[in-house]
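Two complexes, one shared chain (chain A), two partners (chain B, chain C).
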Partner chain A sequence: MTDRIRRAFQSIWPEFNHPDNKHLDPYFTFSDYRKIWVVGISVLVAAALVPLLVVTVIHYQLLQKSVDSELILRAERVASNARRAVTFFLEERLNALQFTVNEIDYDQLTDPEHLAEILRNLKLGFGGLTDLSVIAHTGTQAAYAGPFSLEGRDYSNQRWFIECQKRHFYVSEIFRGYRDVPHIIIAVKSFRRDGSFFILRATLDTDGLIQTLASYETGAHAEIFLINRSGIVQTSSKHHGEIFEKMSLPMPAYSLRTQVAMAEDNQVGRKEPLIVGYAYISTQIADTPFILMVIKHKAGMMQVWQQLRSNINWFVGFAILIILVVVILTCSYMVNMLYRADKSKAETMALMEQSNQLATIGQLAAGVAHEINNPLALINETAGYVKDLFVLKEQFHQDDELIGYIDDILDAVERCGTITRQLLGFARKFEVKIQKVKLNEVISDVLVFHNKEAGYRNIKVHVDVPEDMPPVETDRGKLQQILVNLVNNAFQAVDNGCILDIKASPAGADKVRICIGDNGCGMPEENLPKIFEPFFTTKEGNKGTGLGLAITYGLVKKLHGDITVISKVDEGTTFTVTLPTRIQEEISDNEGSTGR
Partner chain B sequence: MLAKRLALRGIDIDCVYAGEDAIVKAETQRYDVAILDVKMPGIGGIELERKLKELDPCLKTIFLTGHGSKIDFETGSAEAACYLAKPIQIDELLMILREVAG
Partner chain C sequence: MKRYNLLIVDDEQRFANMLAKRLSLRDCHCDVCYNGQQAIDLVRQKNFFLILLDLHLPDIYGTEVLKQIKVISAMTPVIILTGHGTAEDRRACIQQGAYAFWHKPLVIDELIAVLARIGEMSP
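Entry: the complex of A and B
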């Protein structure tokens, strides 16, 4: 991963994933920022996406429904029109035969010349007739006009003859018959003057019917064909069975009216939705064995709708992507802001707790100091008196050993007294006297105390204070004490021949920074948080009281400043004191100072 | 003990262990300087100082204290000639005594 990509990624990825300050954990208001982030994103994404998806689904369904009903309506119209046409086709021819038998009597009809004449006229008037025959009530053919020599045949056992005898009219299925050409037989029964019946039969070729049906086919995805009542295909269909084969679709239920329904193509290797319209064809005078089928392939009809749906899908996908990006970016930003605010709060709280701890220790120290002071005073005075007895009374004057012991006691008391006074000073607030102080003057004043030691120990002291440093309004005495303490500290930490660096520089508009660094022994990192606590010392034996830096810390705080330390073992230590250039004088600090 | 040490150094000093005794002494004799502890059994150092001042307005006072509380410092610096924190150095006390007594 290159640097740039990693940086971009980090700006999106929330900061809380790189926890660096474990010690601040107890001060955070919220502990699990990752959870807040995840929950926030989930809630926002759900709130934004659920309505979008619901609306999209509803839209799909509405569109689907309207497309379906539109397709059904169209199929219904085609089916009912085609039904009317087929019905009319058959009815017309039946009526023509009816007219013929009514108009022309049996004797004339059996005259072959006349029958041929009638056939010619009917062909002219309606077309599609192949032949015409008259069958007597015995079932024998009495006359025939047409291209085949079928005279004298006996039809008495044929189904159509029996049916027609019963019902007066007959329309056959399409069949191949003797000629092996698909055709339909229609027949009309009539009566002679002597009361016996005869039948006029015509053979229709199917071309006219097929043409009529074809004229209603719209587009490549629609098919119109006929089947008979046992489901045998009567006019050829592209997808649902050859002529005289069983139709691949289930048989539609009987209905007087045109029906349209959704169905599914169940042929092997294909499974596509269809719209199936059908009508049982029945003329006014005779029932027919035909069922008109209108089949539409939905997939083909739905291409426009598919296009629309793909557009909608693209749009919804794009919208979802944008919503996700916006939600994730917004959430990361907000959670990051929250985390940063919480972190700075936690840092402040940690700092406050540290100050509190120091203040508490200070109070404790004051109590301890007071309790120690009285016994110290007693020891001091008793030992002092004993010494006086020895020194002033003169009889023990020569006993240097005794005097030495007593001086040791007095020195110890003096030392303890110094500690208790320092402790009390640490706990007590002193008046802050504000005056304009030049940093370079203060620093050189402080260094006067150390010149001798520096020369003796060959320690080089570099002072770097810019000439144009503005004076600082602060308490000169306290600032001096701070610097003395820090320089003392540094002198104790370095070996002979080391270097001490004192630098001052402005820090922002209203602050100054003073750095006191050495290249001495340094301190291990685990000691750094403790060095401002009272009684903490790293000096061996009883060289240090452990109060110097605690007092320095208290003084810096009193001057509304800040003190930090950077240290590395064997590389050195740098203390940085930051002070405001102006201090608002506090009324509460208006106390008496020690009178000495 | 302190009294004995001062006496050894040639200072005329009377030592009492309670505030009431000090008042009795002060009624019969005139003193230049009173060295008082702030916290004492019976009458407190500060109250005692006021009573002694009533008897002898010219009396100077040096307070000794075991701790540096705020009130101690306020009274100390307001009313007394001097104020010393224990443990004290005998030489320091002698110097201040000479200064105060003139």
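Entry: the complex of A and C
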């Protein structure tokens, strides 16, 4: 289980540069795989996510803009429709009063019955009128028709009277007045025949106006109400102030046209974006104190859009997650593959360098041997001639000491000659001739050379090759040489009366194994890694040149095989040669450079 | 009159001369020359009992010299005596009829033994 978790973790966080691989570092093509991995992931993530995020942001902005302009357009439409309705409502009534004063003279108007008749007709025609009164230029009420008894009142100091006197028309704010009921006063000024003026005043109840406004309210998130020019709410509003209270929003700037703008609700405890549309209400004949307010709560209006936006958010989030997972897995996989390929290359190179050392030493040795042979030959002949002279001349003939010196020189030269010949053999160019070889035949051929010595030294040689052993396709001569060298080596290592074991057996489907073991003196463990190196010898005195096993090693490699050794001091040594049963291709020659 | 008439072909003059001196002590008369062309000319002029031929000659490579000697006098045994012989040289020389292919330094008693053997074979 923990192994599975570890592997899963490795697939997203691969481990590079294991401490065990330190020795391979110089052979790696890239030094920092973690960096490649990080850069790869960053680049891929950036390439995949940046366009996605940019598109998402642009989409958001477009959506926002189109929603805003749509909302503003709608608010504008509602505001201008409502403005027309309110304007019409007031204008219609002002015109009716205007018509009345133009059509009926003062004397008739002050007739209470006639005035009541007119009020009745106006109520029938327009509705919303509560009472009607005629005020003389002194400010006293001359006639009244309506539910209240207000005759004889003096209005001369009231603002509406003064205003109307000045401007001929008047529309009041909504106020409670003497009756404590919200109402509006509208008044028109006219002149009597004697030149003095009088005013016809009507009181409007606000229900009609409120109904007109309410008919334009659309949905729960919009409200329409009136304020006056000092910001006092005139028709009640749900969120922005009760009637006759100060409106919670800032006063809109004066404008002749309908205006719509974005604003923010600044009341304590709520802070939400609003769309505020407004219009200063003004009839053709008179200015009014009203400002029409259309307030839309953006959040509510945008619920559908918010839903869409949250869907997009979920989708984008999910896409980012998928991209991250895919990028990390892919990157880890690719970089890991790269790392593994590079690592196996590094391992191969490290191994090659190791085995190349042997070949290089061999080539160098061959080169040295070439160059030494000629001077050696000259020493040989010169010393030989001196010896000849000594042997021939009576004077030195009896001098065994001098002859002995010369013989020492000649012996030394001969030994050098042997070494150079073997060195040349070690690096010699040779072709591999492949033929079918029966192992038992080769082994008995090799042993023929040693029969005499074995008998003489009482060494027992056991050969164990299975009868059904299939023939091996290899180079007979090289195999013979390998076996001769190893058997020679064993004979030199054992004492008289010891045992030599030669065994052959199949090793897997396409290899054979030949073991040559003795129970001789063995070798200390520290020598084992060096025994295949040229010039390494443990043989005493001048017996060995140190080339036998190096040559054997080279031959085994030429045959695409392997040679290993197991040895214990005083217990014996076993060499194991593993060879392929078939050598597929012609083995190339890499020795040409040392030719001449 | 010495018993064996030999030709030594080697560009290492001191070696060739020294070998000639030693062989002259062993009942041999030696002609010495230091390049291939001289050797071929000498073979045209005289009959030799045996020729010792180096491979690395300054003018003509030993195998070519051997080929020409064999054209002129097919029966004369030629021993190749070289410091730097490769297996390829050995095969080429044996193919062209060299008697033996030896690496320097020479073991003089071996040469004497070979001379004796050739002497026994030829009437």
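By definition in this document, the second predicted complex is superposed on the first by the 357 of 596 C-alpha atoms of A that agree within 3 Å, B and C clash if a C-alpha of one lies under 4 Å from a C-alpha of the other, contacts with A are read in each partner's own complex, and residues count from 1 in each chain.
Throughout what follows, a residue touches a chain if its C-beta (ideal position, glycine included) is under 8 Å from a C-beta of that chain, and two chains touch if they have at least 3 such contacts.
Quick caveat: nothing in here was measured; it's all calculated off a predicted structure.
Within the superposed three-chain model, A:N374 lies in touch with chain B and with chain C [touch as defined at top].
By the touch criterion defined above, A:D388 reaches both chain B and chain C.
Once the two complexes are laid over each other on the shared chain, residue contacts for A:G417 go to chain B and to chain C alike. When the shared chain is aligned, no partner comes close enough to touch A:D3: not chain B, not chain C.
Note: residues 370, 373-374, 376-382, 384-385, 388, 392, 413-414, 416-417, 421, 424, 428, 595-596 of chain A belong to the chain B contact set and to the chain C contact set alike, using the contact criterion stated above. Residue ranges on chain B touching chain A, taken from their complex, read 1-2, 4-5, 8-9, 64, 66-68, 70, 73-74, 76-78, 80, 82-90.
For chain C in complex with chain A, the touching residues are 12, 14-15, 18-19, 21-22, 25, 56, 83-89, 103-108.
Residues of chain A touching chain C in their complex: 370, 373-374, 376-382, 384-385, 388, 392, 413-414, 416-417, 420-421, 424, 428-430, 595-596.
For chain A in complex with chain B, the residues that touch the partner chain are 366, 369-370, 373-374, 376-382, 384-385, 388-389, 392, 413-414, 416-417, 421, 424-425, 428, 591-596.
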